[in-house]
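Listed below are the structures to be examined.
Look at the two complexes coming up: chain A is in both, with chain B in one and chain C in the other.
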Partner chain A sequence: MFRNKKRQQQASKNKDPKTIGDVLDHLGKSRDFVHFQHGNTHFSCWISYFRTLIDIDYVHRDVFPFLYSDSIRNMADIKDQLPLEKLIQTKDIHEIQSKLLEGYIIIQKDERSPECLIVPSVKIQGRQIEKSEVETSIIGPKETFVESIDTNINLIRKRIPVPQLTLKEIRVGKLSRTQVGIIYIDGIASEENVNTVLQRIQSLEVASLIDATMLALMITDNNWTIFPQFTDTERPDRVSGAVYEGKIAVLVDGSPNALILPSTIVEFFAAFDDYFLPWNISSAYRLLRLFAVALSALSSSLYVALLTYHYQLLPKDLLGSLISSRSSVPFDPVMEVLILEVMIELLREAGARLPTKVGQTIGIVGGIVIGTATVQAGLSSNILLIIIAMSALAAFITPNYRMATTIRFIRFPFIISAQMFGLLGIGMCFTYFVTHLIRLTSLGRPYIEPIFPFRASDLKDAFIRLPFQLQNSRPMFLRPGDPARMNTTRTSQEKGKKSPDIDE
Partner chain B sequence: MRIKILLLCLFLLLLTGCLPSNIIDDILMVEAEGYDYLGKGQIMGTATMPNYVESGNPGSQGAGLPSTAAMMRYISGVTYDGKSLVDKFQPEGQRQLKIGKIRVMLFDDKLARHGLSKQLDFRNRDPDTPRDLTLAVVEGSTREMLTAADYQTQIPVSRYIQDLIQQNSQQNYPDSDLAQILYSYYGEYMDAFMPIIQKQGDHLALVGVAAFKKDKYVMKIDGDDVFVFKMLFQPFDQGVYDYEFARGKHIALRNVHTSASFKVRNGNSSSPDIYARVKISAQVRQAFPGSISKKNADHITKLLNRHLEWEARQLVHRFQTYRVDPLGLGNTVRSFTYRFDGHSWPDRYPHARFHCRVNVNIVQTGISQ
Partner chain C sequence: MALNKINETHQLGPMSSFFLIQVTQIGIGFFSFQQPLSRFSAQDAWVACLIGGLSSLGVMWLILRLLENEHKYGRADLFSIHTRIFGKWIGGVLNLATIIFFMLYAAIYLRSYIEILQVWIFPQLSILVFTALFCLLIAYIVLGGMRTIGGIFLLSFVYMIPLYAETVFAVPGAHFSNLLPLFDHGPKSLLLSVFYSIHIYLGSEMILFYYPFIKHPEQAKKWCYFALLDTLFIYLMIMILGTAYFSQGEMKLTIWPTVTFWKSITFPLFEHVDMINIVYMIWILLPSMALSAWIVSRGIKLTFPVIRQKYALIFVLAVFIVVAEIVYNGELVATANALFSKLGFCFNYIYIPLLLLCQWIVKKVKGEPA
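After this line comes the complex of A and B, so read on.
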């Protein structure tokens, strides 16, 4: 305890740079820091930059020629003649330091003069916009976010060409000073929600921020829950759809994910593809996903409960095959289930960590070799293998990866409570999760909103998706500034007089 | 608080082993019980339980017996009437004997005539009793029926019996599941009935319905009369009635729908009038060539109506002479009568006048030309 205090005191003793000389001396220790004097007959100045951060081509082509030209006589001339829109002249040491570290060029009259001119020359290096790989879709847009925030904002802004689209910028992280962008449509997004987001992000006390999902965990309402409270997505179309709805998107520089706040639990089970299919088909798929979640969470624990305690409930035609396939298994049902569940989790984890090329072999090894070998070795029964494989498959149906991990994890408490009390245990565990979900909030809004508190109007886009002409209001959940999506009287107007096809 | 919850979870985890469990491959599930009456309050009890085949290599299916095939195992022993057979036979079982999946309970006709009150009371009391338990009376020995190895089918005998009874309950035989039997056994102004099965050589057959007076089997409804009984007892379809309208000339009808409605007059008098009105929609399944067509359907229908009416009256008359009421006529009278005098009903029942009107409507005669 005391040691920790001492360590924290030491950390705060780090000396701040007092003068520009301190800054330059300190940065000069890095090998990629360039600091040199430029001089010709009329004018001389000191130029410093990090050569790994600036766009060298750009500097040589567009900045230095002007500096070396004869018409430059003093610092003011530079400011006038450089054809750049954003030159800053400042004495603020902190700004100078941070700009240097972001890839700007500093120009000084003398080596130690506090007056600096900051020239933007940031090199943007990142990957191209690629096809979606995490949230794939068959039809619809394929673009995904990349690691550069400017590109990401561009992807959103070109889908929402309205002046009300507002971008707020906050720097997060004591050391990293990561750029965080908050995007919403002024007038549609609830002001309260915007203020909550701003306040939560501004009051963060962290050293660094690497990714948007990290930010989601930092600003979450409840730190103990296993349920994700904010949707993360790599699809700009999904983000813009949410922003049009009145939600708030948060982008983090260096992260290919955007956060959508606030979210309800049903949104995690809605794929964006649902909006590209006819409403009845997509509703059927949403219900299928709901069924898959129930199957995934409950099937293995039901197996444990039924085989351990409630043999009366087993269908009589299934008894024979269940018993004969279990007769050579030496374990109790719960051990058998846990062994197979852990095995599937190992396979999934191995598949996720391995390089792509080796990953395919893991699928074959895991699925075929281990699966059949376990049964043949008598470590588990045939029927259980099918159940576990089905529930693993069903867990991956969840479109959101973070929710999918939650669904996979949630079955373990169910299995253990099924072993403890049978069906009663499953009921108790279910009750626990339901009460937990009822108490959860996302940005202060109820997490399982269309169900509790019950909002019939929000059910239009929850478990089933009604046709677009009926989706004429924004979700009540968001308390939007402008609830109506469109003029309802006009959508319900008759299109015209019907004329018979065939004159009789 | 948090520590308390953690401790609670820990205790729950540690104490799970103390809960009795019924892991399905560690119990013996009794599938059929048979009771043969030996006289003087002694019975010979028989229980069968399947031993599911342990195939040598569970991964490679296909060889050997199918997984549903089971080696039946049976235990018999003499005990007193009303003893739980599971408790009696537990010393002979290497695993726990469990009653929760029992399919059939068989009583031989001697025990049925002696009375089933102890068995029915025991089954009613036992929470482990499954919902789809089938009760039946056996003509002959239940032990022989349950232990015989000469059946033409490989499926376990318990399943054979249950399938036989359940399948026929969809057709000519009336519903006689556990709920129905217990309801009519404990209910007022009605009596229970059970199907009767018989082992005929290498197969089993339903031969009629046993009508009970309280817990004693007193009257047998023959297989031919079961259609008439069911017609008065419950609405149904898919039954087949064979009518011999002239010597050697038959017509068989499959009923599409049958419903009976009752009316009662003078319910508290010494001889109440019970009016039954039965509507049958039927299609002709088989007919003597040229006997029925669109033209003369009316004629045959009239004959059939009169015949069925007569049969129904005869059947009820026999019930009245035996003083059994499997149709629940007493209950019908009660429901039609204001301030029904239930006390004197058993004395008035034999004198009740039963009137029956049957209306057969032939919806389809089939192709006849």
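After this line comes the complex of A and C, so read on.
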């Protein structure tokens, strides 16, 4: 242990550059590092940059012409005359090194002089804003986040044009120094929540950070849970809605996902499209989704329990067809279920990993051909095939992908406990999961909030969504700085109007 | 002392006292209480049920009185009351007795549920395996602290609503003329029935232990009484339905009348609602068991401060498993239940008034707290 520590110290000592010369020598080993002297009659300087990181057109067009002009006599002149807003003059070696690696240009008087001028010239290259593919929307906005944090912030900021919208920046990752942006509306978001998020992200000890979902796993309240504790979304409209509500959004450079914190479990089953439909229809769809979750988690285990222990529960007429369909199957119900479940999991995983075009074919081949063949070969019964297919379908009704995988996963403990104790086993497994959910927190806030602790006012936008005019307060769950969404005196005045009688 | 002040993050809202009391009161007795009640007062058993329930309101008044008086002296729970009034040694012995009483009570409660499971669903259910798994569940709940237990209580209340509601489907099979003639029994037989009805209302006294964990206890008071009335209402309905459903001859032979009339309810995919309901009743068992385990382990921690609650919990659960194994047949379960319902009666109707009296005497002797 101690030796390890010593070794680490030595390693960091070796790597730590001491002078600007060390930095340039070290970087000079890369082929894309450009380091040259520019000189004319009355002024000369050294310029260094990574040609793969900087916007070369921009530099040639807007930076170099000024450097080569006659009016430049010394370093101070450059600072005065370059028409750029963010010129930094520094001797800090670490800053110079990190800026070089981000795509800035360094200008020095002499090759070894510690005084450097840092000129921004970052090339932003990434894909265009595209239509949402993961969280599709039929009538809502279709923009999605891209991999560049600046574009993503722009997408949010243009939806929230208020001065209180605050952006905090933290660098995460010992090596990667990834830019992480924390966005919230000052005065609406709970200060306690903001501080928790900042503190959790600042105290991270990691080497690198690639994606926002990785960050979500790193700052989660409970490392052992299979339930996602923070919503991840690729839709700026959803993020803006949440920020208006008093939540905090976290963006990571290089990630097309934003995190929304804190979250309750019901939010994972709410699609943002629910807000674009009349409240009664969207409430019905939310209930349908909950039913789908229950169906998906429980149907195969109920099959095992009923057929293994409690056949009394089945109607007599159904029993006949069940027996005839199972008569050619040589396995126990549980084996039959596990075979089919694993098969479906294989199909799902193959569909996700294979290239798009092959994936579709596999889906059709797997779904239809293998399904029918399994029944004909006597590996499983027809009825089970229907149940399993339905439950697989139901699992993907969940709008959030991470929650959908969780829902797909929790059926396995249920199947095993159903085999052990029948309905009682299902009951106990259910109890275990419920206890787990009660104990979970998201950013220190209870995870199944509108249910426990029971808050009737937050139920307005949970299992059902009531009309917008009734949703006049922000969720109590978030402990918002300003709980009222609208001017309550005015809304009550409008309510005070008498409803007209017939034909008035 | 750090224990005196319960951190607000571990406390429950005032309304949760409703769920805590209502759910602890409804227990395994729910399956079977009609039979012992109608043994003495036949069709008038519902009157006994009503009187028993109303008397539980009186007990609750005494308990709240006791706790409110104690509030001035620091932590208001039974363990602290014992040590404050009777001193370290006698108080300690009383605490120990309380701990043992509640521990065995909970263990017998668990065993009674297993008995029902064995009779109705799994005749060969291994007591050891089931209790072990169940105790793991309880450990997981109790380790989450009082808030998790509160959550389980709330969910239990919500989950039980459909169970009570679906009992409506048994109404077509009821003959309400069975309730006639009304008031046909003398006070003596009625009082005997009332005595037997007391045990179904037991459980509300557990507020003696978790009272410090309720925020704004003065607001919680009304919820306590509402909870008692709600329980009273549910038991009364089931009692009347049971009397109307069975003739008195049948009633004598039916050990679990509630389960039996559930048998007449069928739904398309659930031909045997009784079986589903018995499994469903795990949610009646679970909160009370978790609360008992929490109370007992906390009692051990308060009485012997060296032992941490986590480790006490392991011991408590081990005792549950052992006791459930020792009580090996249905007769023993019935005997133990009868014994503990008598003890529970003594605890609620004799010991608590006595304790209130002692508290009053101590106050007179030592004077008001500063």
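We adopt the following convention: the second predicted complex is superposed on the first by the 477 of 504 C-alpha atoms of A that agree within 3 Å, B and C clash if a C-alpha of one lies under 4 Å from a C-alpha of the other, contacts with A are read in each partner's own complex, and residues count from 1 in each chain.
Quick note on the criterion: a contact is a pair of C-beta atoms (placed from the backbone, for glycine too) under 8 Å apart; a residue touches a chain by one contact, two chains touch by 3 or more.
These numbers were taken from a predicted model, which means no experiment stands behind them.
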| item | value |
| --- | --- |
| Residue contacts with chain A in the superposition, chain B compared against chain C | B |
| First, second, both or neither for A:G140, with chain B first and chain C second | neither |
| Partner chain(s) touched by A:G366 [first = chain B, second = chain C, both, neither] | neither |
| Which of chain B and chain C A:N382 touches, first, second, both or neither | first |
| Which of chain B and chain C A:I416 touches, first, second, both or neither | first |
| Touched partner set for A:T308, first chain B, second chain C, both or neither | first |
| Which superposed partner A:D332 touches (first chain B, second chain C, both, neither) | first |
| Which superposed partner A:S321 touches (first chain B, second chain C, both, neither) | first |
| Chain B versus chain C as contact partner of A:G254, first or second or both or neither | neither |
| Footprint overlap on chain A, where chain B in one structure and chain C in the other make contact | 309-310, 312, 314, 421 |
| Residues of chain A that touch chain C when the two form their complex | 309-310, 312-315, 421-424, 426-428, 431-432, 434-436, 438-439, 448, 451-454 |
| Chain B residues touching chain A - in the complex, by the definition given at the top | 12-13, 16, 19, 21-25, 27, 29, 50, 52-55, 57-61, 67-70, 98, 100-101, 103, 128, 130, 159 |
| Chain A residues touching chain B - in the complex, by the definition given at the top | 307-312, 314, 316-317, 319-329, 332-333, 372, 375-376, 378, 381-382, 416, 419-421 |
| Chain A contact footprint on chain C (complex, rising order) | 12-13, 15, 117, 121-122, 125, 130, 133-134, 137, 140-141, 144, 147-148, 150-152, 154-155, 158, 268-272, 275-276, 279-280, 282-283, 286 |
